[in-house]
Structure formats: C-alpha cells, structure tokens
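These notes open a run of structures that come right after.
Across the two complexes that follow, chain A remains constant while its partner is chain B and subsequently chain C.
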Partner chain A sequence: MKDAGVHLRGIKKSFGAIDVIRGVDMDIQRGQFAVFVGPSGCGKSTLLRMIAGLEDTSDGQIAIGDRDVTHEDPADRGVAMVFQSYALYPHLSVYENMAFSLRLAKRPKAEVDEKVREAAGILQLVEHLDKKPAQLSGGQRQRVAIGRAIVRAPEVFLFDEPLSNLDAELRVQMRLELARLHKALGATMIYVTHDQVEAMTLADTIFVLQGGYVQQSGAPLDLYDDPSNRFVAGFIGSPSMNFLDATVSGHGDNGVTATLTGQPDISFDIPLVDKPAHGARIALGMRPEHLQVTEGQGLRVTVDVAEELGGVSYQHGTLDGGEPVIFQQTGARHGMHGTIQTVTPDPGRIFVFDAEGDRIR
Partner chain B sequence: MTVKRARDLAFSGIVLIAAAIWIFPLYWALTTSLRSENRIVSDAGVIIDELNFSAYLSVLSNSKLPMWYFNSVGTSLIITVIVLVTGMMCAYALSQLRFPGCKLLYLVVVASFMVPVPALYVAQFVLMSDLNLVNTWWGIILPQLIVPVVVIVYKQFFDAIPREMREAVLLDGGGEFTLLFKLYLPLNWGITAALAIITFISAWNNFFWPFLIATSENMMTIPVGITQVNDSFGVAYARMMALALLAAAPVIIGYLVFQKRVTEAVMISAGVKG
Partner chain C sequence: MSIPKRRRRELRASFLMTAPFLFIFIVFFLYPTFSVIALSFTDAPLIGEGQWIGLDNYAKLLNDRLFYTSLWNNLYFVLLTVIPTTVIALLIALAVSRLKGRMQALVLTLFFLPYVLPVSVVTMIWAWMLDFQFGILQPLIAAITGKPVPVFKNPYWVMPMIAVVTIWWTNGFNVLLLIAGLRNIPPDLYEAAALDGATPWQRFWRVTWPLLWPITALVLTLQLILQLKLFDQVYLLSNGGPFNQSYVVLMQMYREAFQLNNGGYASAIAMVLFLFIVIVSVLQFQLLRIGGRK
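Moving on to the complex of A and B:
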C-alpha cells in the first residue's frame, strides 16, 4: 500500500469576511498517525476538509508526498475520508458500498471482489456483506465506512470525528481497532477530534488548534509534559490543569516568589530563569496529580464533589479564595466529600504562564 | 355499544355515502353504455337490466379507437419520460450546484406556478403552428413538458440528502452524473414513481390542448376521440359512455395497481401546491 506525508505551507481559509484558518504550516511524515485536536470552531475539521479537497484553499499550498494537490479534485488527491455520520449509501449493500469507488474507477470485477473481501476480512464484516447499512449497528456502520476507505488503498486516510456518534464503550473498542488498523496498514492517517483522550491514545503527533492557528504540535506526552502555552496546558490532560492567578512578589537567586491573587497569605518559591518583573501578573498551572494532600501549611480546599473511579479518585473543590481546584488521589474511597483538605503542589512541577498565556516555566 | 364504536360506525357510514356519491357517475356511465341508444333517450334508469354490448362493438369496430389508444399511450409516455428526466436534472442543478442566477432561476420556476395553463394556449398554438407541429405528436407533447411541480418536489427531496453523502461520492471519484444517477435518483425511487404516475395520468386525461392541436382523427388522443362518436342523429350516449369507460380503463387499472404511490404523489404535490 502506498503512503506519503502531508505537508501544509501557509494555509489560510476564509468564509467571506471570517478567517477560519489563519496560516498553518505542518509536516505529517509518511506512516504517521496525526491528530488535530481543539475545541469546537477551532478550524480542525475545516483543515481536514481542505486536505481532502472538499473546501477550497484561500491561500497556501497542500502537498501529499511530493505532489502539490492544492487545487486538485478530491478524487485525484489519493485520500479517503471517514465521516462522522459514516455517509454510507443507504440504498447499497455493505459490499456495494465498499466496491463503489472501485466500480467507478472501472476496476476488473475480480479485483473489486478481492479487495472488498480483503477489507471485510480485516474489519470482520464478511458475514454482513449482503446487508444494507440500516441493518447494522453503529460500530458496524463505522467499520463499513473505514472499509470503504481501505479498498481505495489511499495514500492518506482522513477521519473526521469518526467515533463521536458511538456510545462510550464502543468508542473505546473502536479506538483500539483504529490503532491496530494503523499498525497493520502503516498508512498516513489524519484524525480530527475534540476528545483529547482519543488524541492522546491514538496519535503519534498531536496538532492542537485554536482560533485558526496550530498552538503546538508534538508527541502526546511531550505536549502533556511540556505545553508551550496556557491553552495547550489546559486542553491536554483530563481532568484539566488547575490554574491559579498569582503576582510576582519577590525575586530570589534562583527564581521568584509568587503570591496567589485570591489568597495573599499563600506564596510559592518557584525556580525561574527569565524572571518577570516584580508585581507582574502570572498564572500557576498545577496538574491534579501533582497536588498532594498534606497536613499543616498549603492550599485549603473545600471538597464539594468526589469522583470515585475505583483506581483513582478526583476531588473537586474550591480554594478559600473561591478558585475551583481538582486534585487526584490514587486509590478511592477516601470519603473526602464535604471535608476541608490541605493540598500542596510539588514546586518543581508548577507550570508558570505570563499574562499573555505563554509559558515561562 | 361503546361511544367509540358508535363514532367509528358513523364515520364509516359517512365515508360510504361519500364514496357512493363519487362512484355514481361511473356506475351511471356503465349502465348507460349497456343500453340501446333508443332506450337511453326514453328511460334514463340506473338499474342494470339490459346487457347490450352493441355500443362497445360499434366503438371498437367503427371508430379509430386503437389509433387513439396508441396516440394516448405514446404521447403520455414520452411526456412522462421527458418531464421526469428534465425536471430531475433541473432540480439537481438548482439544489446542488452553485452558479450565478441559481436562486433567480428557482424563483422563476416557482413563479411559473402562478401562470394558469389556459392563458398560454393561444400563444402555444401560434408557436406550434409556426413550427408546423399542428396535428403531430410533438405538437401535443411539447407544451405539456412544462411541469414546475416536478422540479420543486425533486429539489425538496434532493435538498434533504446529507452533504456528507455527496462528499463521499466526490471522494470516491464520482462526478455530477454519478451523483445524480447513482445517489440522488436511487435514493428517491419512491418519489420518482409517484411523480411518474401523476405526470402520466395528467397527460392521459388532458383534453383541451390535444383537442386544439389534433384536428385530424389520426392524431387524436382518447379523450379527444370521445367527441367523435356522435352520429348524424345527434349525440350517441351509449357509444360515448362506452368509449369513456374504455378510455378510463387503463388509468383505473393503473390506479388500482399503484394505489399507494398515487395517493402519496397526490399528497406530495398537494403539499407543494398548498
């Protein structure tokens, strides 16, 4: 099976006066599983549709392998797409749905049959080949949509939120199947989702989009450990990172002292190389798993909701200053609901963001 | 007896009475066609007490009935096929393609509803005459090809097909013709059948335009042919009724076979026409 990288240079897209994509550069290497993730309206689906050729490109260049496909028809780009709604042809059987593109390309009957049966074998659809889409479950329909893409042997697979119509259990199962499929086919895949868990579990490379820009790209754990700005830090990780507003109240040899805006009696000594000016407003980011329950000094949290998940529990509460805070406890059954706890962040793992949201530590 | 059952019975009774009123003219035509001409004039009774098939024999042997049948079937079929194919393609373009004047064109189609067809007869007759199409099939057919309701109904159904399905076909390598004939049309076979039936029936039943344009007996359709069975003594009622029943027979049989589709079609076009 052929596969190739996808390379975008200065991609822009406007709908009338509204700029949706404002200049995107990206390189997705051949065989990579790339995930576009971001909140609703960030432009991730539009970008995918531009790669597919379903939306015109206002400016910039899209290349697949070494071919400039910016202005080519969708069918000539060597891409196949799996839609959120599956977009199966309801009047055709599973077999005919999968054979549709090959028949349009006037491939010999034997070849069509071989490819359809091969894809059906991979996707465990052999016994459903004569059924109509309406007779299938959601997961099976999604597999047919994937099968329809596989038979075309495209250079690049595009997935537009393919799992969002499935129930939670099936979503986890299909996620694993997609990961296995990627390993088996070794093709370049681009996947759009707003679910950062899907992004973290599937991706070789994640592109976090917001406001028509790529905020950051990289391996999932790199983004988790080393977010470049407050948006990425908040978006990657579940539950989200806690952010506490603070002010620089003192400078030391190796860092600064930051005092919480909501609780002037609490301050942290944070190691920092580029020290903001005295009085500068900053935000401190703390992941829920980096807050330890301690006795004595620390952040006082009134726990109002305890999510006990068995292996871990997430304690949702508010600080004395009113800011919401989540901290994680390994194990469960802590019975913290309604209690007041004191938590302390690991100073070495506090993220610091400046007033613009850029990370300074 | 419960109130509900009484209400059901009363409703059924009303429906039966209405049905009897509607079917009576047809029944009367049948009894008339089975009597001798002399008896009809003296006794216009409605009981079938005579089985006189002379009117049918006369119509079948002395009129050009087979020719009229042929003309009716031929012109109605051609009208149906052309109206559906052009209507479907026009609706597809209006629904799915973006081109300058698209919305204006659709408004023109909708506005053409407001022009009563008889208002066009004189202009159409002059046009057909200039084109030397009087007394030809094309003279009968051409003016009947303008059926905006087909375009509007198709457009509504095409609009309802999800955009992603269209995009899937584009990605699969299909063009506009593939989209129309392998996606939009197969997804709308039901409405196509319904539109075909109402278009055929309305072409078959059309009297006035063929009456104007087909003056030669060889070019007449059946409804026009009915006017030709008078004899030198005046109106021949039995023959006229026999011919009317023979003319209606294919439509009645067609209706009984496709009853569900016809009902659907009438409801859809009534919905569009408001």
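Moving on to the complex of A and C:
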C-alpha cells in the first residue's frame, strides 16, 4: 500500500528574528487523525500552513507520502485546507464554491456535477446548493468549506480551528460529523484546536506544541496517563493538574518520601525508580479528579469557589501556604463553599517533576 | 402624552441640526438650479429680465452645428479617458497593494500628489513640458513622429493630449478607491484559491475581479460624470481650438453666457448637458450592475 502519511524532519520557521518553530519532527501515518494543541501563539497555525505550502519553510523537510514537497506549490501537494474563517468565495454559490477547484482544472461538466453532488450529499447541503455563502448559517458555511475540501479528494486534510466560530451545541454536532467523515473517507487529517475535548475525542495522535518544539506526542489517553513533562501534564486535562512544590525528605526501598514546601507536616510516599537525591526540590502533580475527600490526614483546602456543573463539581481553594488547589467531586451537591476540606491523592496517581519540569518516573 | 412630546423634541433637534445644510443647499444649489431651468425658456441676457419664448432655445440648439461638434468631442474625450484611466488605476492599485507598510504609503502618496494640484498649475506644468520650442517632452515626440509637434495647436493631437493631462491629474483618486477595494478582499480567499490550484491569472479573474467589481463600477461611473463636465483643461490649454477640435459643450455654454451675453440660450445648453449626463450615467450604472450580477 502506498504510504500517504505526512512526515516532518527538522522543520524550522522564523519570522525575521523570531524563531517560531525551532525543530519539529513528526510522523503522521496514512489515515490517521492528528491533532496539534498548544497555547496561543505557539505556532500551530504556522506549522499547518507550512504543511499546506502557504508559508515558506526556513529549514527542514516536509514529505507527503514519499514525495518531498518542501518547496512545492500549495496546489501540487495534494492537501486541502479548511480555514477558521471558512474563506468561502462570497460571489459564488455554494455549488460553485465547491466546484471551484474542478473548474480551475477544467474537468468535464458531468464529473464536476457528480463530485459536487456527492459531497453535498455527505454534508447535507443538497438543498442549499444555489445559495450564496452569506445566506447560510455558521454551521452550513463550515460544511461548505469542508465540502470544498472533499471535492478535491486530497491525500491530506488540514483543519485550522474549524469549529471555533460555532456555538457550543453546533460544535459538538460538527465534531461528531467530522469523526464520521474521517471514518468514511479514511484520509489523513491534521487538525489544530484550542479545545481539549475536541483534541481528546477526535485524535488518534495528539502533538503538544510549545516553545517551538513538540513537547510530547501520542494517543490522547497516553498523554493523560503518562505525561513526559510538567507542561504536557498541565496542558492535557481540564481543569488542569495541581502542582505543589516539595522536597525529597527520605528514601525508601522502592520510592521516596516527599514533604511539601512550607508544610512540613504533610508528606507522601511515592514509588519511583529513578530516585532524586535527598533534599532535591521537586514538584508533585495531582489531577483534580484524583483528589479524594478524607476524614484522616491530607491536604487542608479552604474552598472559596465551587463550580457546580450538575454531574460533577470543581472545588477551587487554597492550601494553608496559599497554593491554589482544585479538586473534583461527583454526584451529590456538597455546598463546600467556605469550608475547609481535607483531601488526599489516590495512591500511585502522583506525578513527580524535577526543577526543570521533566518527569521523574 | 409623553411620546408625541418626545417626538416633537426629536423633530426640533433634527431640524436644527440639518438647517445649516438645508440653507446652503437651497440658496446655492436649489435656487440657482430652478433659475437656470426658468432662464432656459427665456431670451434673457446674462443679467436682467428676458421674454418668455417657450422652447425656442431648445429648438435653436437642435439646429446648432457647433453643439453637435461639441457633443461629439465630449464623447470622444470620454472614450479617451474613462476606460483607460480605470485600467491604469487598476494596474497601479494592484502593483501598489503588493508593497508593504511605509513603502506602500510613500508610493501611494506619489501617485496621489497630482490630484492635490489646482487645475491651473496642472495645465501650466504640462503646457511647459509640451511647449513647441523648449518643452522637455518634445524630443520624445520628435523621436516617435520625426518632428516636434505643437500638440495643443494640432487638431489630431489636442484631444488625446488633454486626455493624458487629465488622466495624470485625476488618476490618484481612482487608485485610492481601488486600493481600498482591494484591501477589503480577505487574504485567506487568495490562500484558498492557491490551494485550489489557481494560477495568479486565475486568481485575478476569478477572485479579485468579481469582488472588486462594485468599486470598479463606481470608478467608471464617477469618471463618466466627471469627464463629461470637461471644461477647465480645454479652456486653459487649447481654448477649444484648433478648428473647434477641442470645443466641448461646457465651452460653448461659457461662450454663449459670458462672451455673447445669451443667458437664456446658455441655460438651455446647460440643461441639455445635465439631462444627458443623468441619462448616460444612470444607463451605465445599470449596465454595470447587470454585468456584475451575471
């Protein structure tokens, strides 16, 4: 089978003196759904536009399938892109918008008609083919933009935050449609998003970008269960992980004892293979969903804000030393606002990071 | 109770705010316009009363050979300026819009500069540059035609040369309008088109041109109206000559009114030109709109 994945080797990009992408390697296999996430301004769009050929590559190599496309024109790369702004041609009907690329390629009329109608069928746009983009709703416009990509039958679909202009409900619906579309077409898709849920639900592989590098890549749950550094641990998961400063205060047979900085009465025994030296400063990471309310010893949290979402609630509070902590509660309404709760992490669910932010396992 | 009161207050405020404009509009536009219409049905001199003579002025105009010559020259001038200036402005706008930041502002200013000059200065500059004996452009003309040409005294050269001067003078404004139109086209449309495989040529004809069309139509219409009102440049450069080859309708109106003291007849000429401009420009605008919709 022909390999039609996307492969980046040592990709760099600078705008003038600013290095935005500093060296990115990635392999996205044929048919995979890859998602780029990262904080605003980390270069997700830039990387996607480089793959599309809309942005020059400063250094490195981009291959689609077994072709090196680093210096090819956008049109010759076999990619289609769906823009956040949709970028529909306002003077053309929905039909002509979708037919645009085929018309440019001077395809026969029958073929154009067949392909446009097929795409319109998949996207439920058949009744809207004669309308202008201005007469459509946001979700319909988004579908036209996707239809324009489908008609070209590209090897790779690129999406730059395609759902961010839609309201919450429509976003959920379109997310499902995208997942179905990916199954139906089996094409390689690369997707940029800010939205945790989109990333976790759609992706086969997530690439977390920050500071011009890929911080970690892997299946969504692998990133959640086994983040390789503090940034990824904090970025994946919502609400994000709690980080508490601590010092190594003792060594056991298969782990260390860590004492919280500023609260010498609280310490945890953590199983570790690669034990840091006695007295080393480390950070402990605990997810809100892994903190349980307990009657016994633990972290004393003064709850000041409670976000009740119905099924779950997020209790925001501070430790005695002032460090912010969030923990999650399920089921019953607790009315914890203003109270002091003692919580303790599930054993084996504490992540340890060194002073540089690297994970210690 | 209170609602009519508020409405009355709003009406009073709106009247107070529009009053200065209304006053100036009535005194300096509406009143003269009606006076001209009334004048055109009399045999009045420029100043003073005249006799009501009905449509006589208009009948006389329809048999006036000079009027047809003038009208023809007007149309010839429109042909020489309207489309050429729009095409040139579009080319300049496309080139300028590729420049970035300061450079773009600088180049745009250079193209706009002539528009700021009063017509008398413009014609003076060109009269010098094209002077038969020492004009710096004469060597160029000599190189092409073999000998220097007194352009404003030559029946074949006079209209095209006035057209060149006019285009040079007014083009900056059109460039500005078209640049504004080009800036309104979202850049991601070009990116989408590039991904769809459009060549630069196709990008222009399938994206830029249709989206710029409303502005292009506006420029064409404004130009048509402006160029039909041609007077100053002709008056200053060739005074209608030679052999009436640059005689235009407003020139004739000017001569009848201010040199021959025929206020009534001049008013009739003005009225006919006015109607002509209204009809032609409305017609053109409608045609352009249909052209844009297909």
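Here is the rule we use: the second predicted complex is superposed on the first by the 356 of 361 C-alpha atoms of A that agree within 3 Å, B and C clash if a C-alpha of one lies under 4 Å from a C-alpha of the other, contacts with A are read in each partner's own complex, and residues count from 1 in each chain.
What we mean here is this: a contact is a pair of C-beta atoms (placed from the backbone, for glycine too) under 8 Å apart; a residue touches a chain by one contact, two chains touch by 3 or more.
The structure presented is a predicted model; accordingly, all values stated were derived computationally and were not measured.
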Judging by the criteria at the top, classify the pair chain B and chain C on chain A as clash or fit. clash
Given the touch rule stated above, what does A:75 touch, chain B (first), chain C (second), both, or neither? both
If we overlay the two complexes on their shared chain A, which of chain B and chain C does A:152 touch? Say first, second, both or neither. both
Where does A:52 make contact in the superposed view: on chain B (first), on chain C (second), on both, or on neither? both
Based on the superposed arrangement, let me know which partner A:85 touches: chain B (first), chain C (second), both, or neither? both
Applying the touch criterion given at the start, work out whether A:100 contacts chain B, chain C, both or neither, answering first, second, both or neither. both
Who does A:243 touch here: chain B (first), chain C (second), both, or neither? neither
Both chain B and chain C touch chain A; at which residues? 52-54, 73-75, 79-81, 83, 85, 87, 89-91, 100-101, 104-105, 148, 152
Residues of chain C touching chain A in their complex? 186, 188-189, 191-198, 202, 206-207, 210-211
Which bits of chain B are touching chain A when the two form their complex? 162, 164-165, 167-174, 178, 183, 186-187
Contact set on chain A toward chain B in their complex: 52-54, 73-75, 79-81, 83-85, 87-91, 100-101, 104-105, 148, 152
In the complex, the residues of chain A that touch chain C are 52-54, 73-75, 79-81, 83, 85, 87, 89-91, 100-101, 104-105, 148, 152
